[in-house]
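As written, the chain order gives the labels A, B, C and D, with residue 1 at the start of each chain.
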C-alpha cells in the first residue's frame, strides 16, 4: 500500500532560535520512501545527522519572523501489522546487545515503579506477546483516548489512574509495564492512515520471539497503514521538534495521510 | 597519579539469574588502565559488548548459589580536575551532534520540569561554567550528603526539597538543572580517592567552552583522583549491575581505592 | 545553488540477482536534499541501511527480466569549493579518531607503495594543502582524462605511468600519494554540474587544517556544483551498485545534472 | 583453557614519533580477559579509542630514545575451533548489514581478480563451509609456510603462485578467494598456542551458516588456543602497530603464549 504523508509546521519566533527536527522518515525493512520533499521557508542552512537510534535529525536556526517546514512523502508500507499470539518471551541473556537499552526505565516510562502492577495484570498469560497484549487491552479498557487532554510533562506514573489521556501517554504507560516484565519496548512516532482526528501518532513495539512487534493501546481497530518517522526510548527521544531557548509557539500544524491509488511513477516513462 | 581500585560484589541467587555488569573502566583521554583483573567465581561464560555511550558491559547468567565478581585495576589519572571560571556557554546550534542527547530529560533528571528554578538560581551568573557552579553550590548548601539515605527510585523532582540525599540524588538534581539551561550534562559513575565512607561514587560533567568539565555537588573539597567507570544520561544508563527476574540480594560489597607509590612495573625488568 | 540530479540504471538479469545500490544522497553540512525520488520498476522489496561511512545503501533482489532504478533529487549545494593555499598539515597525533582509517592503504590506493614518489613530488611545498595541490597538478599534467579508457580493476599502482585514465583512476592515484604523506584522503562519488561528457563523477577530499577540503585531478576548471552521493576509502566502498553472482550487464545508464532557476517550492502556497 | 599471552616491542626513534597500537585484546563471545597489563616505558600520555571494527586502539607519541611496550594477559579461550562440514552458503540478500563490507575487495585481498580461480578451485564442493575448506587446503598444499619470507607489501595477487609465504600472505590469498565466492571473510591477528616459531599470528574467519567460522591455511594441525587481538578486512586494518613519519626500526620483539595450570585467582581468597 502506498500512502502520501504530509506535515506542515508554522512558527513565528521573536528572535533567532535553534531547532532540532525529526521529520524525514527513513527507508528500512518495513517501509520504502519512493518520493519525498522537505521544504523550509525562508531558506536557512540545515545540517542533518543520524542519532543513536538511527533517526535522521535536522538542525537549523529559525530566524525571527514567520517560519515554516513542510515535509511530505510517498511511502510504501504494509496493509496490516503482524499479530502473533503465543510468540514467546526471550530470555534476557539471549537478547541482542542493541535491544538491551529498551529494557531500562526512561524519562516518561518509569518501568522500575511498575513491577507489581505488571505482574498482576499479566498473571496467567503466556510469557511474551500475550502478556503485552494483556497490558494493551487493560489500558484501552481503563483509559479513554482523548486527544488534547493532559500535559506534555505526564509520565507513565502520572498517567496511571487517569481516565483520559493522549496516544503518547497511553503508549508510555504500556511501555513502562512491558519493560517491567523484562520485555524490551520502544516508542514509535509516525503516521497512521485513518486516524481521527488526523495528527501525528505515537505507538510502540515490543521485542518478543526474536523481533519487534507493533502494539497500539489507542487504536485497537486500526491496523496497517503505519509509517514510522522515529524510534526511541520514549517521547524525549522522538520529539518531532525540539526547540531551545525562550519558548516559541507553534502557530499552525497540519498533518495529512492519504492512500494513493497507484505507486508514484516515473514522469519520463 | 596512579590508583589501585577494587570492587567486589557477592550475590547468592536462588535460581540462575541474568546480570549485566559495568565494572571494567576503559582507557581514554583522561585515564590509562595499566593493569587490570576481572575475576568471576564460580566461572561462567561472559560476553562483553560496548554500549551506545562507549561503556564496556559484561553479560552473564549467575548460577544458583554463592557468586562473586572482583574487578580491580591500576590506573593513571589526574591529580586535579580543571576548574574553568568564565568558560562560556556553547550555543545549541554549535554543539557536536553526539552531545545533543545529553540535553534531553531522562529517567531521573526531569530537566523539563526545572526551567524556572534553573533560571532563578543562575540569574546574574555568566552563561556557562559559572552557571553550573552556581547550581552545584546551591545543592551543596541546601542538601546534606548523607550516605545511605533515600531510595533508589528517587528522581531529581523527588530530591528537590529533601534535606538529605546520596551522591546519585544530588548529581541527578544538578544534571536536571544544568540541562534546563540548555547546557549538556552527563552522569559519571566511578571511583574517587579519599571518599569517606569509601564506596562507588557518582558525579557529573557539563559541556561548556567546547569540552566536558567535571563537577561534583557532594565533594566540593575533593578534586582529582577520579576514575570513570561509565558515562550515561543518568543512573539508569550507568548502573554497575542490573539484574533481571526475581530480586537477588547483594550479600556483600567492598570498594577500595589506594594511591600507589609507583606505577606498575614490568616484572621482567 | 539548486541542482536537479538524476540517474537511471537499466538491467536485464537472466535470473533473480542480489544488488546493493548507493543512489540516495544524504543531507549533511554541505548539501541539503529538498526533494527526492527513488523509483524501482518492477516493484520489489528494498531494505535500506547506513554503512560505516554514513552512506545510505539499498539492498534488493532484482527479478529476472528488465529492471530499472531511477533516482532523482533537487539539492542545494555550494557555488564553489573552498581553495585554501597555505592551510597546514595536521600532525597525526592530533587527527580525530574517525579520520585515521583514511590514512591506511586500501584496495585501489596502495599508499604504502608511494612514499618516495610523494616525497619527491611535494619537495619544497608547504606541508598541507599546498602539497595536495602539487599532487593534483602533477596528475593533471601527466595523465590525460579520457572517459571510457582503462579497466575497472586498475589501482593507483597500475595507473601511475599511464597516459590516459578516467576520473576514478586519477583520483585513486591522488589519494594514494596524499596518504603517503600522512594526510588523510577519502574518495567521493557524486554529481558535478557541467561535467562533459555527463556521467557520475569521482573526486576526493583531503583532511588538512582541521577539516576536509575538496580536490579534483580531472576538473581543474570546474569548481562548485558538486553533490556527494557516497564517501569511502576508494571505489570499493562507494560503488553506486554492486552486483553479486553471475555478471548482469547494465543495458542503459543515463545521468543528468541541471541547474534550477529557483528552489523547489511548496505546491500548496 | 586459560592462556598467558605476552608481547613486548622495543623501539629507538631518533625523533618523537606518533604511533598507533592494537595490543589490547577485548573480551567478547569467544574469549574472556581475566587479567591484563599494558606497560609503557618511559611513560607518555596514551589515548585509547575503538575503531569501526570494534578493536581497541592506543595512540601515543613515542619520545626520542629507547621506548618499549609490554602487553600481557590471562585469557580464557576455547580448546578447539568449530569445524562444520556441510554448513551452507548464505545468500547475499540474507547477510546481516554489518557483514557486507567483508565481501568487498581490500588492499591486500583483491577478490575482484579471483572469480575464475575461486570457481575452479571449488567446483563440485557444497556451497559454504566446504568451499572455504577446499580453498584452505589448496593453499596449504601449494604454498610452503616459511616464516620470514616475502615482503610486507605482498597482496593476494602477488602471493598467488609463490612457493613460500608467511601466515599473513596465505591468509590474504584465502580471503580473496573466499570473497570471490560471495562468502564474507575477515582477517584476525592474534595469539596461537604452540605456534612454532612463536610469533603473532594471522588467520581468518568466513561467514557461513549464519555465523563466523575460523580457518587457518598455515596451521592445519593446530586448532584451539586462539586469542584474537584485532579483526579487519586485511592486514591494513589490523596492524599491531602503525608508525607515521620517518621509519623507526623495531629493535626487539618478543611474543609468548603459555598454557596456565589454573585460572587466575583472587589473591584475597
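Criterion: a residue touches a chain if its C-beta (ideal position, glycine included) is under 8 Å from a C-beta of that chain, and two chains touch if they have at least 3 such contacts.
Not measured: the values here are computed from a predicted model.
Peer 1: Which other chains touch subunit B while also touching subunit D?
Peer 2: For subunit B paired with subunit D, there are no chains in contact with each.
Peer 1: What rotation angle takes the CA atoms of subunit A onto those of subunit B? Round to the nearest 5 degrees.
Peer 2: The best-fit rotation has an angle of 180 degrees.
Peer 1: Which chain lies the greatest distance away from subunit D when centres are computed from Cα atoms alone?
Peer 2: So the farthest one, by centre of C-alpha atoms, is A.
Peer 1: Can you check whether subunit A and subunit C touch via the same residue numbers (shared by over half) or via different ones?
Peer 2: same
Peer 1: Calculate how many whole Å lie between the centre of subunit C and the centre of subunit D, each centre taken as the average of the chain's C-alpha atoms.
Peer 2: That gives a centre separation of 31 Å.
Peer 1: Centre to centre, by mean C-alpha position, how many angstrom separate subunit B and subunit C?
Peer 2: Taking the mean C-alpha position of each chain, the two centres sit 43 Å apart.
Peer 1: How many angstrom between the C-alpha centroids of subunit C and subunit A?
Peer 2: Averaging C-alpha atoms per chain gives centres 36 Å apart.
Peer 1: By the touch rule stated above, which residues of subunit C touch at least two different other chains?
Peer 2: Those would be 49.
Peer 1: Tell me, which pairs of chains are in touch?
Peer 2: Between chains, contact exists in these pairs: A-B, A-C, B-D, C-D.
Peer 1: What does subunit A use to touch subunit C in their complex?
Peer 2: 8, 24, 26-29, 32-39, 41, 43, 45-50, 54, 56, 58, 70, 74, 76, 263-266, 268-269
Peer 1: Taking the complex as given, what residues does subunit D use to touch subunit C?
Peer 2: Within the complex, subunit D contacts subunit C at residues 18, 20, 49, 51-52, 57, 59-61, 91-93, 97, 100-101, 103-107, 110, 112-113, 152-153, 182, 236-237, 242, 244-245.
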